[in-house]
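Okay, so chain A shows up in both of these, paired with chain B first and chain C after.
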Partner chain A sequence: MYYLGVDVGSVSTDIVVIDENYNVIESIYLRTKGRPIKAIQEGFKRLEGKFKNSDILGVGTTGSGRHIAAFLIGADIVKNEITSHAVAALSLDKDVRTIIEIGGQDSKIITLENGMITDFAMNTVCAAGTGSFLDRQAERLEIPIEEFGDYALKSKNPVRIAGRCAVFAESDMIHKQQLGFAVEDIIKGLCEALVRNYLNNVAKGKEIKSKVFFQGGVAANKGMKKAFEEALGMEVIVPKHYNMMGAIGAAILAAERKEKRTNFKGFEVADINYATASFECKGCSNLCEVAVIKCEEKVIGYFGDRCGRYSGKVAV
Partner chain B sequence: MKITFPHMGNVYIAAKFLMDGLGIDYVIPPLNSKRALEIGTLYSPEEICLPFKIMMGNYIESIEKGADTVILTGSCGPCRFGEYAELQMKILKKLGKNLDFIVFDLPSDIGFDELKRRIDKIALKSPKNKKEKVLALLDAYKIINLIDSLEAKAKYKAGYEKEKGECKRLLNECKKEVLKTNNPKEAISILKEYHRRIDNLKIDKSKNPIKVAIIGEIYTIIEPFSNLYIEDKLMDMGVSTKRTLSPSWWVYNTVLLSPLKLTARKIRKSAKEYLPIGIGGHGQECVGEAILSYKEGFDGAIQIFPLGCMPEIVSKSILPSISKDKDFPILSLVVDEMTGEAGYQTRIEAFIDLLERRRRYVLSRS
Partner chain C sequence: MKVGIPKGLLYYKYKPFFNTFFEELGAEIIESPDTNKDILDLGSTLCTDEACLPIKVFHGHVEKIKDKCDLILIPRIMQIYKREFICPKFCGIPEMIENNIEDLPIITKAPIYLFSSDKFFKWAYETGKILTKNFFKIQKAFERAQNEQKKFKEGINDKGYALKVALIGHTYNIYDTFINMNVKNKLNKLGVGVITHEVVDDNVKYLEIKKLFKRPFWTFAREYYGFISYALKESLIDGIVYLSSFACGIDSVIVELIKLDFENVPFLLLKIDEHTGEAGFDTRIEAFVDMLSRRKRGNLA
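Then we have the complex of A and B:
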């Protein structure tokens, strides 16, 4: 008997299947590429042969695309990323006190006490140091992103990079390159700058206590892990499924439910042709951008209308 | 003379009936929208706080509908609101809009004679006699109190409602109904009727919902558009909310109590331990309310303020100490024209989750 967790993020869509003991049986990592429906369908296609619909006892969704994903696949629970990440980390270690999560376009800090979230923060003004920025820098330096961290570990003399803003960090890197600094020193310098930026912005005013978990796609970067360890002076743990933690958390939340009936629509979702369109509602001065999801020319759902005139979810 | 005024929560309802009562022509600016914000942002200094920008949008949209006079309250307090009127006048003048601004400041700042001169600018335009004018003012005061208290009831009861969305539906229906009339007396009876309806609403007393206090900068907590409709979101989530600051609270405390130096006495007293002096805006109130909501048994508080708000930045840096000392979760949210809804929603959901899980944990321990 299994539970399904889906995390639709800005950069990646992660799908996991866990058993009742919360062991990860299957995990799929896909690029969202701005088309969450396509990504989910692709993932489901891969799962279709391996699992029966009746094997799935519960479904949870999370991530910025959690609502659309929940609608599409019939989720039993829709949770924000913060709770999901914390739940997943706590299932591995009850003593975790701080979670550093850096994803494609946002970074978060979650502090916990006695297995309970006590505080959290997300990046507000700047996305420097998140996955997309590192991706772009790796591309610019023509280094595969997978090897980015290894380069940083080779560095002996990291260069100081201005990390306050993604654009300025990039210009500063270019400048240092032109001065002839070694690539590994620049990369290490970049990691340090991004850690500095994280600690000064996202984690400002938060007490970071051990054990520290480092999750999200950026945790793959050994250079970032090392830079965090050096800056904090404590061990930073990267869990095995670091890039799937949101999805795992969502699946656990689905498993923790008291109710045993599921809304799961089945893996056939993969084979249905969905089309999305949008229009501007002229009903009032809000002029909401309403997204329409169509299935074989039939409208099956609306999103984005504030008053619920189309989606009908709340009172007008 | 065609009067207009900027939006702030339910102010437009009371202002409309005041003008109706006085028999003065007026324009209600279209309810705050992306368009108002876009126009406002275009013509405002970039670093100014969000309320200024939305208000600019309101003026320009009202001018499009024929308004030629703006009434506004002023403030010579140590917060940027003090320069709003002056700056807005200058900008509109530069845009070639010939507008008359009537700014109501406290007599302690501008003197009684000047205040009387400004009031007369409007009062003398009214065809009504003195007694009728006073009655119109009293009716408007009654109306703002009625609509604010109705809203407070709806937002508190939302956590207890048996049928989801009932409170919100009643509140929205009431706001629509009341605008259909031009008669203040009729408006009062409509509002009273809705009070009865909300009082008689069937609630589930066993529910024990999460209770959250909304604190922070007065405009951004009162005007729902500016805080991305946070109270509506919380109502949908079945959370009971309380917000002390409202237009009626402001009128009572600023217009009626401030000459007696009694403004927000209880709140300010509560703030004393952490912030003993007024720092402008409603910074001290924010701190005091955080403490009061803790004492009143709320589960947490959400502070909202516009980017760059000076008094609230001070209170924001004090709130973590309160949170730590009292073991009372407080979430700070900053809003401006760039605020993205997805991240905002995530934060609110995560905060409510935190409060729910906390409660379960405390219950399972005891």
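Then we have the complex of A and C:
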């Protein structure tokens, strides 16, 4: 008997299947590429052969695309990323006190005490240090993102890079490259700058206590883990499924429900032809941009209107 | 004469006064519509980029009604209380508007000092004489307007919710439901009631700030700090939600002051700027409410 967790983030869409003891049976990591529906369908195609619809006892969704995902697959619980990440970390170790989470477009810190969230913060308007920025830098340096961390670990003399803002960091990196510094020293310097930025920005004023978990896509970067450990002077734990923690948390929350019936619509969702469109609602002066999801010319859902004029009367 | 009143900045606080004052002088009032996308777009195109969102939105409101009226109220509010100040942008708002918007009708430029009736009347006289030559008419309009303002009940105090938060922020961020994406409604839907600082009497707030090492320079700082301090003492709230416009200088001080002095109180800072996508906002609010209710129940699951 299994539970399904889906985390639709800005950069990646993660799908996990866990058993009743919260062991991860299957995990799928996909790039969202701005098309959450496609990503979910792609993931479901891979799961279709392995699991029966009746195996799934509950479904949870999270991430910035959690509502669209919930609607599409029939979720039993829809939770924000912060709670989901905390639930997943606590299921591994109930003594976790701090969670550093860095994803594609946002980064957050969650502090916990006695298994309860006591505080959290997210980056406000600056995206320096998030996954998208590292992706871009890796691309610019022509180094596969997977090897980025290994390069950093090779560095003996990290170069100082300005970390206040992504634009400054990039121009500083280019200047240091022009001066001929070794690429590994620049990458290590970048990791240190991003950690500095995170600690001064997102984690400002928060007391970081051990045990510290580091999760989200960026936790794959060994250079970032090392830089955090050096800056904090304590061990930083990267859980095995660091990039799936949101989805795992959502699945656990689905499993924890008292209600035993599920709304799950089945893996066939993968084969349905969905089309999306959008229009500007002229109903009032707000002029909301409304997204429409259609299935074979029939409208099945609306998103994005503030008043609920459309989203309130979903056909399905 | 047609008098235009832009629905921005401290309009939400002083609308009874200004509307009554101009009506008493025989003017036809043209209010701009509630903030909408069009106004936001106009404002951010016309205004300098460095300004905060409320200032940009105010520009949008002025642009929207400038062709429909003969006079536009641009309140240059200098001070609300003695020995305290408000945001310096209010002192220069007529000049900002003049330099950023073309083909304006007459605009009101006289400074407004609200702490003394005599000083405040100077504004009323300067402005009123554009509409009438009759001094007594201005005097009467001023008195009526002040009475209307006194009757105005400000503030929100929701009843019947299991959880309650202090919703803190400048008037124009709290009451403009477009720029704050109707945050009160979002909280209410999640079962959280809202209370704002106007509910607590000013004298009480003055008492609460005595523990600070100096009297706050900003009126808003005194009001918010005093209110939170009192609300916590009386267990009126479970947490604080602070709505702040990106790049607001005053907020940058108040937020830190509150965070430092009320360390263990759940605090959520929501930054508002030009974005209209609500996902980021919703995530923060939901997570915050989750945290509050789990805290109250005392377990995570």
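The working rule: the second predicted complex is superposed on the first by the 312 of 316 C-alpha atoms of A that agree within 3 Å, B and C clash if a C-alpha of one lies under 4 Å from a C-alpha of the other, contacts with A are read in each partner's own complex, and residues count from 1 in each chain.
Rule of thumb we're sticking to: contacts are C-beta pairs under 8 Å (C-beta built on N, C-alpha and C of every residue); 3 or more make two chains touch, one makes a residue touch a chain.
Predicted, not measured: the structure shown is a model, and the values here were computed from it.
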So, after the overlay on chain A, do chain B and chain C clash or fit? They clash
- Query: Which partner does A:64 contact after superposing on A: first (chain B), second (chain C), both, neither?
  - Reply: both
Q. Of the partners chain B and chain C, which touch A:193 in the superposed model: first, second, both, neither?
A. neither
### Message
Quick check on the superposed pair: does A:256 touch chain B, chain C, both, or neither? Answer first, second, both or neither.
### Response
second
Quick check for you: in the superposed arrangement, does A:203 touch first (chain B), second (chain C), both or neither? neither
Quiz item: Just chain B (first), just chain C (second), both, or neither: which does A:8 touch?
Solution: neither
Touching partner for A:152 - first (chain B), second (chain C), both, neither:
neither
Clashing with chain C: of 171-179, 189-197 or 351-359, the chain B stretch 351-359
So the chain A residues that chain B and chain C both touch are 64, 79-83, 106, 115-120, 122, 124, 205, 284-287, 306
The answer for chain C against chain A in the complex is residues 33-34, 36-39, 178, 181-182, 246, 259, 266-267, 269, 271, 273, 276, 278-280, 282-284, 286-288, 290-291, 294-295, 298-301
Listed in rising order, chain A residues that touch chain B in their complex are 64, 79-83, 106, 114-120, 122, 124, 205, 284-287, 306, 313-316
Chain A partner, complex, touching residues on chain B are 30-36, 165-166, 168-169, 172, 229, 236, 320, 323, 329, 334, 342-343, 346-347, 349-350, 353-354, 357-358, 361
In the complex, chain A touches chain C at residues 64, 79-83, 86-87, 90, 106, 115-122, 124-125, 205, 256, 284-287, 289, 306
